[in-house]
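Each of the next two complexes has subunit A plus one more chain, namely subunit B in the first and subunit C in the second.
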Partner chain A sequence: MKPYALFKKDYHSELRTRYAINSLVMFIIVALSVILFSIGNEKIPQNLTAGLLWVVIFFSAMSGLSRAFVSEEERGTSLILHLIAAPTTIFSGKLLFNLILVFLMNIIITILYSVLFEEFIIRNFLLFFLTFILSNIGLAIASTIIAAIISKAGAKGTLYPVLSFPILLPLILISVMLTSYSMVGTSFADAVIELAVLACYDVIMLTISYMLFDFIWKD
Partner chain B sequence: MVWKIFLFIILAFVSIAGISFPIVENPQAWYQFPLIPGLEENAKIIFFHVPTAWLTVIGFLMSTVFSIKYLRKRNLDDDAKSYAAAQLGLMFCILATVTGAVWAKFAWGSYWSWDPRQTSIFALLLIYGAWFALRSSIESEDKRATLSAVYSIIAFVTVPFFVFIMPRIMDGLHPGSADDKFSPSGGPVVNFQMNSSMLLIFFLSLIGFTILYYWMWRLGYKSLLYKEKLNKKLIRG
Partner chain C sequence: MNKHFLNAEKLTKKFGRRLIFKDLDFKFLENGIYGITGINGSGKSTLIKIIAGIISPSSGKIVHNLDDKVIDEEKLHNYIGFVAPYLIMYEEFSAWENLIHISNIRGIKFNKELFNSLLDDFLLLNRKNDIVKTYSSGMKQRLKFIFALMHSPTILLFDEPTSNLDNEGKETVYRIINREGKNKIVIIASNERSDLELCSTKIKLEDYKK
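Let's look at the complex of A and B:
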């Protein structure tokens, strides 16, 4: 069984209920409106805008991405997956699905955010684009492996953000920095180190996830 | 027994010397510490704060090493060792946070100012907290050992980001930050301006605290084993 086949299965079962997409979109709207209500007519400083964007992204990711493995456990289909595919394949398939979900989610968030917040103006587009891609990949990888751990533990819903936050913290801190850089219009050469750290994070997380997923899955 | 006496002597010497040796402009005698601009008397915390932060990381490292060992051999003793190490790590993490915050009140004017180092010690606290939360949510012993081992390894690979990378690329107040004007390379404070007697006491303190950690860890591990045995005895009647 190929990772793509697993992705297609997830994609079709997602389309049938649209559980993850619906709850994600609603969550984004709720989170954004809470922020808008609390701001009111105040003008907020630029670097705060960058931070708030990542608050919305983090909590939206926490609300939607744990479904990948939890749904298999809930439906009791994880045993069948054990039989038909190798652990690496399963992880690749789930990662692919979460990647698409994260990209979709963050594109929606960014578009809504730039419409709703006047202060959110990107001056260095290339920098923001690279940050966006690298941090989305990191977010998808880390949340997929934590989702796998969570699906085997009790208290699935509450534990997910608790376990994910420390792991995602380096990514979030660097992304907030890079987002505010790209809003200020820092030149690309000045932000190379931060981008490199972000890329390192992605590579490290990907490697460690593939190494450890066997142990979680075969449990 | 000998090493316990040795440990007592080291720690007693470090405590007395670290607190009572004077800081002077031009150290002449061996017991005088040099004046570090920007730190002055506050510099003395290095003998007590840095070892706790060091043991936080050591506790984490040991916990991860035994986690890896557990995943290879599936021996529950390794899980107990990892648990004992993490318990101590959490304790020293809290100590490092508190001593750092108290020091920051006098050196920087407020207990907490989200300096990169403070952020990183806070992240370590969160990781330890999450790890214990994960452990308490799983009932089956083997499952708990496996999942917490996996999580501890995943969390461990993020530690270099907090401990080594973030403080060096972000501006901060902590000695050795990216914009520290006294150490242009952004390295640890040890590299510069400490004279040999200060370095000697600093390293003695590190060694003493590490031995203390080892001793406490062994006691913690043994007590876990005895608890386990007692539990089994009680169940069997």
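Let's look at the complex of A and C:
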């Protein structure tokens, strides 16, 4: 229950400060508008449609998900967390917050994307649903641990996407591929290997994050 | 009465090549008020952070014992009360909301009577529902003492405890330090003469620079 209490604190803090939500919403609107205006009346191929969806998701995540640790560091409140909870509790609480934020953000992005882009038609919904779930979990885990790493650095804003890109690249590539598959209507059996890779990515990231967090957090 | 013992062995801290202190040994076996003193930049805050388990020493170790059992590093935060000028409470919340969130994260019962009495002791009861951002620096400092005492810790670490406090605030803090020092280990890191007068034993960090 301690991680949930930390999540609740972050949730109430977010409602008061709007540290992440405002930047996320603005980024989603701007990114989708730019893509929409640049495409105009052109018909875009399916794999490009899937790729653009993940471009919006990746950069939106970069604009808001670092707040988990960066806001504590910037406001100088991370010392309180050191004094009231164990590192695992802190990571779990921050991960829970980022998981919910990622899911909410990506549900909104996907809905807006499907409304604005008529080429974005999902033919294998179950495949897309599983891709969406596994990708979001991976994105939340990776974003949370990267946020913890960069929170103590000087140029946080620049470092976050730079460090995230190589770590998130396998996730993004497979997510784009699986989104294309679900748009084409590829059967579930033909996409099992890619889904398994995505699930492995999540498990590896989660394990590494819990193993590393103690060291990152302490000094 | 708790039996929290503290034992530091060959503590050395370096930041890069800069030596902060070297081979620092001390044992605090009895309840009482202990002092850490030294000129600005001598490493008082660093030492108190090492004692609190917030940062690690470069070499050596510090062991906390409670009732003859070593306290696990993961659980050390449950036994420590900490006040410092660089400790910042959540300013978007009121004092009361801070206490609610912190006690929930700590996993302790929200003790309304205790918190009200602490707020009363530190003259914040009338302002407990105001956002911390609106507090003066002295009021914020007094709130930190409530944060430090809210979970009934077995050791208290105070880094410059009277900074930003007026005379009334200082008197309250000294009264509480004297009260807590009778049944706990209280460690004060300070250069203020009046703070150090409370201490029975003092560690001078200048003695551990070579």
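The rule is short, and it goes like this: the second predicted complex is superposed on the first by the 218 of 219 C-alpha atoms of A that agree within 3 Å, B and C clash if a C-alpha of one lies under 4 Å from a C-alpha of the other, contacts with A are read in each partner's own complex, and residues count from 1 in each chain.
Convention: a contact is a pair of C-beta atoms (placed from the backbone, for glycine too) under 8 Å apart; a residue touches a chain by one contact, two chains touch by 3 or more.
Fair warning: this is a prediction, and the values are worked out from it, not measured in the lab.
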| item | value |
| --- | --- |
| Partner chain in contact with A:Thr77 - subunit B first, subunit C second, else both or neither | second |
| Which superposed partner A:Thr89 touches (first subunit B, second subunit C, both, neither) | second |
| Subunit B versus subunit C as contact partner of A:Ile145, first or second or both or neither | first |
| Contacts of A:Ile216 with subunit B and subunit C, given as first, second, both or neither | first |
| Subunit B versus subunit C as contact partner of A:Ile193, first or second or both or neither | first |
| Touching partner for A:Ile107 - first (subunit B), second (subunit C), both, neither | neither |
| Contacts of A:Leu126 with subunit B and subunit C, given as first, second, both or neither | neither |
| Subunit B and subunit C contact sites that coincide on subunit A, given as residue numbers | 219 |
| Complex contact set, residues of subunit A against subunit B | 145-146, 149, 152-155, 159, 162-163, 165-167, 169-170, 173, 177, 193-194, 197, 201, 204-205, 208-209, 212, 215-216, 219 |
| Partner subunit A, residues of subunit C touching it in the complex | 52, 54-56, 74-75, 77, 80, 82, 84, 86-93, 97, 101-102, 104-107, 147 |
| Residues of subunit A that touch subunit C when the two form their complex | 1-2, 5-6, 8-9, 12-13, 16-17, 75-77, 79-89, 93, 218-219 |
| Subunit B residues touching subunit A - in the complex, by the definition given at the top | 71, 119, 123, 126-127, 129-130, 133-134, 137-139, 142-143, 146-147, 149-151, 153-155, 157-158, 161-162, 165-166, 169-170 |
